[in-house]
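A, B and C label the chains in the order they appear, each numbered from 1.
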Amino acid sequence: MVFDKELFSIVTLSLEVSLLAIALATLIGVPLGVCLGRCRFPLKSIVVSAANTLMGLPPVVVGLVLYLILSRRGALGFLSLLYTPAAMVLAQWLLALPIVIALSHSAVAAVDPVIAQAARALGASPFQISMAVVREARYALSSAVIAAFGRVTAEVGAVFMVGGNIAGHTRVMTTAIAMEVDKGGFELALSLGLVLITISLAINVALHLFQRKGAQPSG
Amino acid sequence: MPLTLSVSGVHKHYGGNHVLRGVTFEFGEAGTYVFMGPNGSGKSTLLRVAALLERQDEGSVGYHSGAETLKADIALIRRITLVLPKVGVFNSSAFENVAYGLRIRGVGRKEIKEKAEKALDSLGLLHKRNQRAALLSSGEQQRLGLARALAIEPEVLFLDEPTASVDEKNTRIIEDLLVSIRKEANRVVVIATHDKEQAAKQADRLLYLKDGRIVVP
Amino acid sequence: MVFNLPVRSMASPKCLLKLIGLAPLALLVLFAGLVLVTNFANFTDLAWAGGKEIVCASTTSTENSGLFAYLLPIFEGKTGITVKVVARGTGAAIELGKRGDADVVFVHARDAEMKAVEEGYFVNRRDVMYNDFVIVGPPGDPAKIKTAGSAIEAFERIASGGHTFVSRSDNSGTNIKELDIWKKAGLDAKGRKWYLEAGQGMEKTQRVADEKRAYTLSDRSTWLATKDKDRLDLAILFEGDPILFNQYGVMAVNPGKNPNARYTEAMQFINWLVAKEGQEAIGAFKDAHGNRLFIPNARLDAR
């Protein structure tokens, strides 16, 4: 194991980028998913199945498209975002968003309709009813966010393309591992791999806990 | 002024089912009113429509305070409540369940604690206030549903099959409470039940519902 | 069936949050906000925050040699310009420059570089340094290339004996050089049974050659840096032919074609590399095993 400054900065950057992407995806995806679960509007089923399809979006395609857009020749080239952590945040956000939306939707849709009826009977406004349903789905919603976090931290293709794996700037755990293996730096690669496994293990334990807590015993 | 309720000529359809076929009644003073009738007679639907949780297809549902007819807005809805046969407890503690109705009304923390604990106590649930509501027995959940409704001190309280799927001990607790509410005589209580004994025991006035109409037995 | 009612009384935001019970998610958002506020300058392009930086497209082998990690801090300390190195294959690196996604291109494929300069994508190309290619293979040298008179002859012997040869096949500078030699030998190796296309970087290709008891073309710096570490049972069997000369060049993206390119800073970098200080730094650079990997050879005339 190597625990040096380089490893530390790579791990820190990875976490910062992924947490930021997930936070933004949560901020937008959870309300959207809740809306999908609560509201009725035309073409709703199409939106839902679009979110479900986009959940499996191939990261390299996201990376490629984002690269072309952020490239100095691209539509958003003037922002100079290519090869910055911000570009990686954007890529991970794009990957996380459909997951958060689709899983939030099913989390809210899975709540027993009697909850909304009870809240309404107790005098809740339509907004408060939605909040009661969201509260009921809180563990499933947290699971949705954690699942998305798990996916983006393990992702390599998209962040490599738009981040560039620049030492000290945009080198994150996954791209560093890929590179270190390429040049035979197995020691650092293994250390990073262990950190990554630890994180994904923690994620799975958290997921399990949330799912167990969220499971309502009948009665 | 106490709240009074008048329902006239109410019809309700579900798909092709004509569930309510012109129901008319008036509850003019505090007391316990019981709707008796077999399953499928339209009791639940009538209660939901009367409690303003669903809109009727035809006819009118009106609440009055003295001579004034009140607008069916959220302020009015918050003066009445309905306890569903399947309570729908929230996935939180028993206390939080009972506090919910008060919280959404913006009641202060101290008052919430006072009122919620009083409601829990009246149904013998105070010692379970920190327990997760979902883990309570079905009888306790039914009591919790009633405590949740009482905490908000409704002027009109609708109870849909309050003791269905509840064991004897819990039935007694619930019925005793209903009796004491009736003695206080300060609110309208409307109960739907298919239990003849319960109906006879609780009712100030008994109405029979059959095939969506009020009938003379 | 939804019974819409006017919302008259709304609970306070604090109460709402409690109602939702999503405290962990709120914490997450709070943390992310903190990261964003404290790290905004680092997360977006430093140029926004007033810092000067350029993107240098280079090759994986150059970066993996450790040269940039050695050179760039010296340059940054002197000029305050941060050089961000994006390492790709030679072809991809030049393409990045053509698209304007890099400001400087630092590769080792002279013909391809000259072509891109002629096409107008780059200006001010300079030779910087060189190392050379070597042919490595099993120490027993079954194809007897040790006694070959030229690299072309060595390739001919490998082909005629049907000895396994591993090609990088990744459009890298090394790969371009290899294909050039096959072409000069008048041989079409692609598709032959003994010709393996690895599609990998230099070090992995060497490992494949080691596993397959095969020949391959490598650059001396990678070879020196990795032969002990990877415990390669291979040896240098041919070297010294001028055709194996591996010239590294640097060139600036033409601001006439890509107005967004940071030409001024790019030229500062190029001028530093070819001037005395940069040249001496390149000459002083040694790998972890104490091998000198590059020989500086910049001349002052621009190409």
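As a working rule, a residue touches a chain if its C-beta (ideal position, glycine included) is under 8 Å from a C-beta of that chain, and two chains touch if they have at least 3 such contacts.
Bear in mind that the values here come from a model prediction, so they are computed numbers and not experimental data.
Q: Give the chain pair, either A-B or A-C, that is connected by more C-beta contacts.
A: More C-beta contacts join the chains of A-C.
Q: Hey, which chain ends up farthest from subunit A, C-alpha centres compared?
A: In terms of C-alpha centroids, the chain at the greatest distance from subunit A is B.
Q: How far is the middle of subunit B from the middle of subunit C, if each middle is the mean of its Cα atoms, in Å?
A: 74
Q: Centre to centre, by mean C-alpha position, how many angstrom separate subunit A and subunit C?
A: Whole-Å distance between the two chain centres: 31.
Q: Any idea how many Å lie between the Cα centroids of subunit A and subunit B?
A: Those two chain centres are 44 Å apart.
Q: For subunit C, jot down the residues that touch at least 2 other chains.
A: Within subunit C, residues 3, 5, 7-9, 11, 19, 21 contact more than one other chain.
Q: Would you please write down the residue numbers of subunit B that are in contact with two or more other chains?
A: Only 53, 74, 77, 92, 104-105 qualify.
Q: Any chance you could list the residues of subunit A touching two or more other chains?
A: 120, 125, 128, 132, 135
Q: Which part of subunit A faces subunit B closely enough to touch in the complex?
A: Where subunit A meets subunit B, its residues are 112, 114-115, 117-125, 128, 132, 135-136, 214, 216-217, 219.
Q: Taking the complex as given, what residues does subunit C use to touch subunit A?
A: Result: residues 2-5, 7-11, 16, 19-22, 24-25, 28-29, 31-33, 35-36, 39, 42-45, 47-48, 55, 60, 63-64, 68-69, 84-87, 99-101, 200-201, 203-204, 226, 229-230, 258, 260-261 of subunit C touch subunit A.
Q: For subunit A, which residues count as touching subunit C in their complex?
A: The contact residues of subunit A facing subunit C are 16, 19-20, 22-24, 26-27, 30, 40, 71-73, 77-86, 89, 120, 125-128, 131-132, 134-135, 138, 141-142, 145, 164-167, 169-170, 179, 182-184.
Q: Sort out for me which residues of subunit B touch subunit A in the complex.
A: 51, 53, 74, 77-78, 81-84, 86-92, 100-101, 104-105, 134-138, 141, 145, 148-149, 152
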